[in-house]
Each structure stands twice: as structure tokens, then as C-alpha cells.
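Next come two complexes, and both contain subunit A; in the first it sits with subunit B, in the second with subunit C.
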Partner chain A sequence: MLDLIEFGLFVTLLIVGFFAGTIVEKRHYASIRKREREYADVLAFAVRFPPDRVTPQRAFLVHGTVVISSDYFKTFVAGLRNLFGGRLRTYETLMERARREALLRLKHDARRQGAKLVVCVRFETTTISTGYAASIEVFAFGTALIPERTADSKEERDAALAFAARSVPA
Partner chain B sequence: MKFENRVPAEGINSSSENPLIELGWLLAGSLGVIVALVIGVSLAAQWIAPRIPYRYEAKLAATLPSFATAPNTESARRVRSELQELADRLAARLEMPEGMVVRVGYRDDRTVNAFATIGGQTVFFRGLLTKLENENVLAMVMAHELAHLKYRHVSAALGRGVAVAVILSVVSAELGRNAAGGVLGQAGVATLLSFNREQERAADEAALRALYAEYGHVGGAIDLFDVFARLPNQQRDPNVPAVEFLRTHPLTANRIAAIKQWAVENDAAIDGPRRPLPPGIAALRKP
Partner chain C sequence: MLVSNLELVPGRRIVAHYGIVQGSTVRAKHVGKDIFAGLKNIVGGELKGYTELMQEARQEAVERMIAEAQSMGANAILNVRFATTSIAAGAAEILAYGSAVQLDGS
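Then we have the complex of A and B:
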């Protein structure tokens, strides 16, 4: 009898995990795609130095961080996958969402401080829970640059930036 | 050099495949592995266990509660000693494994059953004894159970049960504990030990040989099937005691045919004078 209750509980958790996880994931992806278009004008690159002809007047650190958790279903499927090996598909979406979200938060930080260019963007990942449901933190950081004021007008500044980098909005 | 930021590509780093499909495959795969493992290990254990010298089984049996303890009433003690006496006579005919001491237990219970279990023990229930009309038919049941011991069928079944429990405990601690408890526990020994058709056939044949050597005919075996044929159908009437013996020793037409075949091949008489039941057991039949 106790076994039956335990099994029922397990199946319930699995079902709840699946539906809740799917809805959360769908919503998160929709939100990520929408904001990626909104932040298309904030440029972020992995290069170590400013692009040619951009002479920074100010440079400062910007970052974005997100903590994200797996759900019961994802963890169970991943646990079974651990027996056989192969792509941990259920965790791939989790990690992808975390990285994209962290980058978006970095861009948000940059825009908030008046920068539209971030270079030397790096990612760090920290596992914060290794219990049944894995949770991770993804941390994105980079150097935000604000171009020099030699070109006095705003138009000229924008032109220099646009020359160096061309954004392609979705 | 021109720098540009593009919208991240979709579907490269993650898959849009429905995770339920992956779950289905993984579940089927892991269950398949477990089933294959259980079958493989149980076959291996079933093969190995009877080949382990009997003294190790005796040592294990000594750690478990005995089935052959002396009953508490005078008449039950008498029944037990009569059963033991018959068992000793038949065991001599059966050539039991080296070092095996046959012990008989008796249960004052209306269940129609008898079974062989670990450590050279057999247990008879009052329910079965009241259905038997002469010593020959009792000897057939007894010899059949002793033959399971002789061929170490009990060890094979126990080995299989324990091996499966070990596998299950790797999968789930709770499940494994229950299975192991079931195999070695008092209640489980009787019900979990099931023998396959080949083992039943071998036990029947050895029992017939012993019966023939003891009485000069195999009439007891034929009587046994008459007894079973007369038993009420328990499915129709829930008030009659469960006929456990039939459940664990399915009575097939093949089995009866094989017994008759054996008698013909060995030129053994099918009929002959029956010996009366020992007085203590015969007394059980009186209302």
C-alpha cells in the first residue's frame, strides 16, 4: 500500500513536472525572443578590444546573472539518460535559456548605464544545487564602452558606432 | 571589419523534439535491461544454487526459524512422528543428497497443502491429510516433496529468488527489501517457491520409483489424482479451504499420462493392495 502511494506520488510529480516545466519553458523562450529583438541595438561581442575607430571615453563592467532550476520531469529523464549516455536534451534547453537570459540581463545593465557596446563578454556557470533537481547560475559579464566625445554631436557619435558595428534587428 | 549582432539561431543548441518521446525510449530501454538482467541472473542462480554443497544450505537453514518444530498437542505430535517415520522410509529409497536430514513439519490448519522447503524440511497441513485415504497416496505426496529436496529444486528456487531480490534492490531499495524478505521470511517460503514443469516431472518420476520400491506398485499415484478430482472447486465455493497444493503443483493431463507411461515402461503394477494410514493420521479423518 505504501509502495503504491509512493509510486502514485512519483507519477504525480512527474506529470506536474512535465506540464509545469513545459509551460514555463515555452513562456521563457517567448520572453527571451521578444527581448532579444528589443535589445538588438545593444551590441555585445566576445572580442577583447574595442572595434576599430571606436575610441572609448568610458569603460565599465556590466553583468547579467540568472539562476535557473530543472524540474522533476527533466531531472528524471536526465537521470535515465545518464544510464545510456547521449545528449541530455532536457538540460540543453535549460542551459540555452539560462545563457540567453544572462546575456539579455547584461545588455539591460549596459543600456541602463547608457552604453550600447559591450566587448569581452564572458560566461561563467556555477552549480548551486546538486540535489535531485539541479539548479545552476549563469553569469555573463563584459566591458561596456561609451565612445569618446571628440565627435561632439550625438549624430556623429552614433555614426562612429554604426560604422564599427551594424546591428541586424530581427 | 564590420561587427554585427544577430538574433541567436534556434534549434542548434537545443532540440525541439518532444521530451516524452525521449522518456518513452529511455523507459523502454532501462526496463528492457532490468528484465534481461533479472532473467539472466535468475537462470544463472537457478543453475548454480543446486550445485553448491548441501552443507551450506543446511547452515543457512539453521539461521532461519524451523518448520519442523514439535506441535503442542498430543495428537499433533503423534501425527508428526508418523509423518516423520514415513519420510525416513521413503528418503532411504530416494537416495537423498549427502548430509541431508529430512525433517517433517505438521500444521494443524485446514489448508489443503504440503510443501518442501529449505534445509531438508517438508510441511504437511491437516487439510491435506484429511483428504487422503491410505498410506500409499500419502507416500506419493511425501515422496514427491522429498524428490524436490533430493534434486535441490528448493535451493534452485531460493537461489533464483534471492538473486532477483539483489537485482531489484539495485533498482529500488524498497522493492528489493520486500522481495528478499518474501523469499527468506516464514510466509514467503511456502508461496514463493514455485517449480517449473520439468522439475515437477522429475519429482514425479523419482516419487514413482520410491513408491514402487516401497509398495511394489504405484497405486498411490493414481489414488492421488482421484483425490484431487473429488476436491470441490474452490472458485465456486469460497467457504472451502484453499487447495494450495493444486496451485503449486498444477494437475495436468500430461502429468497423469506421464505417470501411466512410466508404469508401463518400467513394468510396474498400477494397482495393488493399499496399506492403511498410520493410526494418528487416520484419526484426523474422523469427524
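Then we have the complex of A and C:
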């Protein structure tokens, strides 16, 4: 009897996890896509050096962080997948959501302080907990640059874009 | 205090190096938040309590690093990096470190 209750609880959690998790994920993706369009004017690059090393610019650290949790269903599927190895698609979307969210928060931080350009962006990932309470933290940080002279922002953007294009290995 | 993860600051010259500075803090999870997080683990999504916790911890680590740089007489910290280590289940150390330097100008 007790076993039956336990099994029932497990199945219920699995179903709740599946439906609620799917809704949460869909909403999150919709929100990410919307904000990515909003923050399209804030440029973030992973380049080590600023495009313009000569002109005095205000430089400061900006960051974005998010702790995100897997749902019951995702964790269960991942557990099954672990037996045979291979891609854990359920966790791939989880990591992707966290990274995009962290980058968006970094861009938010930059814009809040009046910057349109962030360079030297780095990601750090930390496992907060494992097992049935799987959750991870993604921390994005970089250096925001604001030109000290009054510059035409479009010019600045074009220069940054041209620099980024040159930096891509052929 | 200028804090950046760049190795140079555009238009500024590094006139003195003071060596490495660091700041760290060890944090534990709150029981109440942990129970809530446990529930949240069924449906998934962001654990806001933990996000705030990590943010506060990093802020504190950075502040301690800045305090060390100030005591050395530096006016900037360059090449800042972060590291996180879990010490025990539910406790983690957050470390911020960088190079304390003196920049010319303003």
C-alpha cells in the first residue's frame, strides 16, 4: 500500500514537473527573445582588448547572474539518459536559458549605467546543487566602456562592429 | 576605484603595480530559502533567493578586494576574475581577485 502511494506521488510529481516545467520554459524563452530585441543596441564582445585603446574612456565592471533550477521531469529524463550516455537535451536548454539570461542581465547593468559597449565578457558556471534538486548558477561579467568625449553613438557602434568583424578568424 | 577585467584602460597609462589583491566570502544557504528552492525544483525556473544570495556574496567579495587595493594606495584594479568553490554541501566560497595598479591622470 505504502509503495503504491509512493509510486503515485512519483508519477504525480513527474506529470506536474512536465507540464509546469514546459510552461515555465516556454515563458522564459519568450521573455528572453523579447528582451534580446530590446537590448540589441547594447553590444557585448568577448574580445580581450577594447577596440579603441587610445581614446580615454570610462571603464567599469558590469555583471549579470542567475540561478536556475531543473524541473522534476527534466531531472528524471536526464537520470534515464545517464544510463546510456549521449546528449542530455533537457539540460542543454536549461544551460542555454541561464547563459542568455545572465548575458541579458549584464546588458541591463551596462545600459542602466549609460554604456552601450561591453568588452571582455566572460562566463562562470557554478553547480549550486545536484541530484533531484539540480540547479546551476551562471555569472556573466565584462567591462563596460563609455567614451569620455561626446561621440556619435552610431559611429561608435560601426567602429565596434567593424572591429568585431575583423576579429573573427577567417 | 576603477575595477575592470581588462588588462589595460583605454587612454590611461599604468605607472605602478602593487601586486595581486583579493577579497572573498564564504556563504551558506538559508534553510527557509532551501525549502522553497526544493519546491521550486519540481516545476523548475529561476531561484530568485539564490540569485540574490550569489549577487550579495560577489558584491561583498569585490568590496573586500577594493578595500585591500585602497590600503595599498592603488587607484585601479585590472584583470579582475572570479572563482567559486563549494566547501561543503550548502556552503560556498566566492573569490574575487585582480591586479592593483596606479593609473596616471584623473
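Operating definition for what follows: the second predicted complex is superposed on the first by the 144 of 170 C-alpha atoms of A that agree within 3 Å, B and C clash if a C-alpha of one lies under 4 Å from a C-alpha of the other, contacts with A are read in each partner's own complex, and residues count from 1 in each chain.
Please note the rule applied: a contact is a pair of C-beta atoms (placed from the backbone, for glycine too) under 8 Å apart; a residue touches a chain by one contact, two chains touch by 3 or more.
This one's a predicted model, so the numbers in the text were calculated from it and none came from an experiment.
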item	value
When subunit B and subunit C are modelled together on subunit A, clash or fit	fit
Which superposed partner A:3 touches (first subunit B, second subunit C, both, neither)	first
Touching partner for A:81 - first (subunit B), second (subunit C), both, neither	first
Partner chain(s) touched by A:28 [first = subunit B, second = subunit C, both, neither]	second
Partner chain(s) touched by A:67 [first = subunit B, second = subunit C, both, neither]	second
Touching partner for A:44 - first (subunit B), second (subunit C), both, neither	first
Contacts of A:89 with subunit B and subunit C, given as first, second, both or neither	first
Which partner reaches more residues of subunit A (counting touched residues only), subunit B or subunit C	C
Subunit B versus subunit C as contact partner of A:52, first or second or both or neither	both
Nearest Cα pair across subunit B and subunit C, whole Å	15
Subunit B and subunit C footprints on subunit A, overlapping residues	52, 74
Complex interface listing, subunit A residues touching subunit B	3, 6, 18, 33, 36-37, 40, 42-45, 47, 51-52, 73-74, 76-77, 80-81, 83-84, 87, 89-90, 92-93, 95-96, 100, 164-168, 170
Interfacial residue positions of subunit B with respect to subunit A in the complex	1-8, 13-15, 17, 19-20, 22-23, 26-27, 29-30, 33, 174-175, 178
Contact footprint of subunit A on subunit C as seen in their complex	2-12, 37-38, 40-48, 50-51, 53-55, 58, 62, 80-84, 86, 89, 92, 105
Subunit C contact footprint on subunit A (complex, rising order)	13, 16-17, 20-21, 24-25, 28, 48-50, 52-57, 59-61, 63, 65-72, 74-75, 94, 101, 119-120, 122, 124, 126-129, 132-135, 137, 139, 141-143, 145, 148
